[in-house]
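These notes are about the structure you will find just below.
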Amino acid sequence: MIKVGIVGGTGYTGVELLRILSKHPQAELVAITSRSEAGVAVADMYPNLRGHVDLRFTVPDHDQLAACDVVFFATPHNVAMQTVPDLIKRGVRIIDLSADFRIRDAELWSHWYHDQHTAPELLKQAVYGLPELNREKIHTAQLVAAPGCYPTSVQLGLLPLLENNWIDRSRLIANSASGVSGAGRQGKIDNLFAEINDSFKAYSVAGHRHLPEIEQGLEDIAGGPVQLTFVPHLLPIVRGIHSTLYAELTTEVPLEVIQAAYEERYASEPFVDVLPTGSHPQTRSVKGSNMCRIALQRPQGRNTVVVLAAIDNLVKGASGQAVQCMNIMFGLPEAQGLDIVALLP
Amino acid sequence: MIKVGIVGGTGYTGVELLRILSKHPQAELVAITSRSEAGVAVADMYPNLRGHVDLRFTVPDHDQLAACDVVFFATPHNVAMQTVPDLIKRGVRIIDLSADFRIRDAELWSHWYHDQHTAPELLKQAVYGLPELNREKIHTAQLVAAPGCYPTSVQLGLLPLLENNWIDRSRLIANSASGVSGAGRQGKIDNLFAEINDSFKAYSVAGHRHLPEIEQGLEDIAGGPVQLTFVPHLLPIVRGIHSTLYAELTTEVPLEVIQAAYEERYASEPFVDVLPTGSHPQTRSVKGSNMCRIALQRPQGRNTVVVLAAIDNLVKGASGQAVQCMNIMFGLPEAQGLDIVALLP
Amino acid sequence: MIKVGIVGGTGYTGVELLRILSKHPQAELVAITSRSEAGVAVADMYPNLRGHVDLRFTVPDHDQLAACDVVFFATPHNVAMQTVPDLIKRGVRIIDLSADFRIRDAELWSHWYHDQHTAPELLKQAVYGLPELNREKIHTAQLVAAPGCYPTSVQLGLLPLLENNWIDRSRLIANSASGVSGAGRQGKIDNLFAEINDSFKAYSVAGHRHLPEIEQGLEDIAGGPVQLTFVPHLLPIVRGIHSTLYAELTTEVPLEVIQAAYEERYASEPFVDVLPTGSHPQTRSVKGSNMCRIALQRPQGRNTVVVLAAIDNLVKGASGQAVQCMNIMFGLPEAQGLDIVALLP
Amino acid sequence: MIKVGIVGGTGYTGVELLRILSKHPQAELVAITSRSEAGVAVADMYPNLRGHVDLRFTVPDHDQLAACDVVFFATPHNVAMQTVPDLIKRGVRIIDLSADFRIRDAELWSHWYHDQHTAPELLKQAVYGLPELNREKIHTAQLVAAPGCYPTSVQLGLLPLLENNWIDRSRLIANSASGVSGAGRQGKIDNLFAEINDSFKAYSVAGHRHLPEIEQGLEDIAGGPVQLTFVPHLLPIVRGIHSTLYAELTTEVPLEVIQAAYEERYASEPFVDVLPTGSHPQTRSVKGSNMCRIALQRPQGRNTVVVLAAIDNLVKGASGQAVQCMNIMFGLPEAQGLDIVALLP
């Protein structure tokens, strides 16, 4: 059994880690910390866990965490980087679900997250936890930076097009939409039911923090500079991200060839499902599951390829992908604990 | 492995059976029939099942069904009673999710379902599939009538009060509310998103078909006549039933005593969770799970006991309870395949 | 033109007052105050008001308010009672949408609102602003306490039954459900979209602050003691209250007679609509309008009468009713500015 | 008073016409026809109209319609073109909300609507009812083709950019999302609440019928060929369209200059609201109103201009715009009957 600690488990990625790990046959939940909720039973805060998780939140304790095989950080940004260096020294493996170790360039990080990075020496060591791209490195990593939700959907959606060098990398567009759980569990007026329901809007069009993460990832894939226009939108749904991606072909490639390239690239991936040409993935088809479903179109046979990618932001976009990384790190079957059928309807 | 057939699998209870049974370690899905969708891959209709269920819908075939150990009927009312008698003769065990065998009195059934019953001889033989009441009979039954969704929540909510004979049985009230999936998957204008969303209403106040089923069940529990006012409401949610039950004490019983009676009555029930006094069960705390969560109150210390009961109408209210019955019938661990954490948020 | 001031206009009842008053032919908006948002344009906070309301929020200024003909208080509880006495002395007429002046008994008020009442001398003077009950008194009142949302629906629903003395007043039940806008516009985790959507629950079953207000109102109508079990629920909708009311007949009265009594009692009421027997009012049928729609049933012809009442909690349950009171106070046509068709779908 | 007839008033654009016209000071509703619902009171089908509209649906009667000053067609496609020619001959003015007269090229129409056009001679005569583009022609038109919902948002969003010839017309992108009411009021499984709620998807990516209408409109504006990639999405909301438009500058134009051009172009338009730079229009800010709200961005200062445009698909995208056209045709104040504040929250 792998001894697992979770730091900052009161948010939505925390409860989602618990939902998955409480049924994982190789994971033993040892500690879940929350300074503000110390003493509270996890199941009192999250009634879905009654009968499944007996733990109480505890004050973070380095020694207790150091005794774990792996510690997940489900904290807000700027928290993990305070604690991770010490745990790294003590030999613990870390999976950070926050943004602290996703961007390799500390200055770029500071620009977008409005703070000094306190552990820049770990940025090079951290492995970006997108299994479809970095499986080997994840296997041996001590510190994994789990990708953001939008970045997961955009990178998986564009990966084969970029690897084949078929598209103009200077004018990519990602029109993405997310469920409100992606905004976390803070009492903000903007995220009230009465503000969100029966409405729709774009947000952060001038610049969203996931933009540098996505561009870094796409450049790693492409092996060269990439320019992306990224427009996120807020959906009146709880879970789900849907990215509609627009890429312009620089050379004639029939849709069937593109489709075949996607199917081949992802043939052995347990959590990427390439739908038949012309499909329209729905977010509910992945609700609660770790799957990313992708479909392709070339409207009117013109030069613009449209890629549709759907994930559950809390699963493949956060906690599920983190567990997938854990499985890879510890040599377990990659889908262990993640063989979940999406809840539909 | 238990060979399982499903008749009429295109509705919401059908896909829910598939979601559960496809991960059940002892169930082997042999056939799923649908006259109208014969030839269609199940996963093409229900994209959440891609990668989990490979079957195609087939035309119903008695010989194929007769080779199953158990056949689930997830058909509209008035269908199962045509086919079940033959399968019963051929020794197949049946779990009917429709209303055909729930009411023992054929005339009463006819009154509410506006049709002649074609297999009245089976009504006495059928066992009402509420494990908390009829576990022993279910174990040996050949024909199980799985309870309706509203009836499950109302009966579990009132059972200990009735068994203890603490309340006036002539003036019970069940104010229930259901998600729209309970209305099935037919193209009716009333159930369109644009008709349901951001609205709420009562329906069938003059008389809902679940009333005679509930009263029969409550009378079985009470051992005498019961009168219930039952008002169902339609919620703008997909899954979930919440029943607010009002009962008048005929004798002074402190709330703590009532609470203790509920906790004791359900102590060994795997799928009934009595919450601490004063809790308010949310439907999302059981979304996708087979759990029924119950809480109790005596507002202002007056004579009216208020019971709150929440289930997922498609799981404990239909397909999950049906699988629970299957487990009991075949001597499997009762929670096998049903140890699912509800999806929250 | 009537000079109108609004104190505390940043909440949902405030924006709703502005939506209505900005089109009211006899109202001139003079001031809208908010300490926290002083200087902000109202239309920047509420984009629906762009082009309709040019005002900015200002710091509350007694002299400015004293120059108004009427001042609406759309503040949280415990605020109006600090300011109202001074304005009353200066001759301003007041319509308070908060609970500060709804309950005549200062001790009872303190018990439920956990505070000392600072203006108990005004409690007797205040007129409860339910036009269907107190139209004459409202006309001459200087201080009107606009009813709460739940109380409006429950009192209008039970009024003719009580006036006719047909029911057992000691065992009334109000099973009510409200949209989330009723909880106001504070950044509370419990009211986040991700907490509310696709779920349903009861709340405050042990005792909700509207209970004493409702019982006081029902006793005024009945002319004697009343006992009500009141169970509020939270709906995943923005606007709307639906009350399902249960009353037991103490004498045989045919449903047609009850129906006729309701139709007669409300025949000249501009904002109460008695639907044909057997109807089921939907909350969306009153969304954005000041109407209360009511329907009646006697299920199975038994002794329990079921009354269904639907209002928009922000209109007839708050701001619309307050404007209706203003119209009555100033001798304007009662429906002026309120002749709004509900938004459906 | 203008005598108004409505053909096919049972759908959502029909009820929306009634909501608006029943309060229009110059409109007299004479007839509303529906073959299937003849004899039914309009308010029985649409309870929000109780007390506002007394009409019953009638079988279409040419003589009755010919006696109207204007007839609105709120029919499915392929219906108006059967009846309109006769009414045109009899001098009636027509506002068609369907697609029958929107596309000038009969062959192109046939290609997309899979039918022969039966009144091709009227296609040239019909005026495309976008007031911001064709106000003068609408004033004198006998036959107005009210624009589609998506086309309205896309054309208003791109109009100033195209008129100024600042962008590459060969690679425009419209990523649009619509509420479900846009799909009409037919009993289709795809539009059930249980299929739509808490989910999101693109649809008709290969080719949506609004594409040729939009391209025709954009080419009229640009005075030359235009290529648009148009991807519609289905939102779990009832009303609202949000279009996120991407255009590439072919010359350096600062965002302030673009902003100024939009503000100037729409300065005197009653129903186009250009928000401050950097705003994010929400669909709820126009719910129930005839307003189109637009905002502009140049993310990262790169070459791609992002335009956000929000309308209510049933108002500015259908019935409101049709009434705006009626006002223009009959020389009434353009905003008469349309000065409605959006419902928020």
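For reference, chains read A, B, C and D in written order, and residue numbers begin at 1 within each chain.
The definition used in the following text is that a residue touches a chain if its C-beta (ideal position, glycine included) is under 8 Å from a C-beta of that chain, and two chains touch if they have at least 3 such contacts.
Because the structure is a prediction, the values reported are computed rather than measured.
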item: Pair sharing more residue contacts (C-beta pairs) when B-C is set against B-D; value: B-C
item: Reference chain D; chain at largest CA-centroid distance; value: B
item: Approximate Å spacing (C-alpha centroids) for the pair chain A, chain B; value: 37
item: Computed distance of Cα centres, chain C from chain B, in Å; value: 39
item: Between chain D and chain B, distance of the C-alpha-averaged centres to the nearest whole Å; value: 45
item: Two or more partner chains touched - positions in chain C; value: 12, 181, 185, 194-195, 197-198, 236-239, 281-282, 284, 287, 345
item: Chain C to chain D touching residues, read off their complex; value: 12, 15, 19, 22-23, 46-52, 181, 185, 197-198, 238-239, 273, 275, 281-282, 284-289, 291, 293, 314, 339, 341-345
item: Parts of chain D lying in touch with chain B, wherever the complex brings them together; value: 12, 179-181, 183, 185-189, 191-198, 236-238
item: Touching residues (chain side chain C, partner chain B) in the complex; value: 171, 173, 175, 177, 194-195, 198-203, 205-207, 211, 227, 229-231, 233, 235-240, 242, 244, 246, 248, 278, 280-284, 287, 297, 299-300, 302, 304, 306, 308, 310, 345
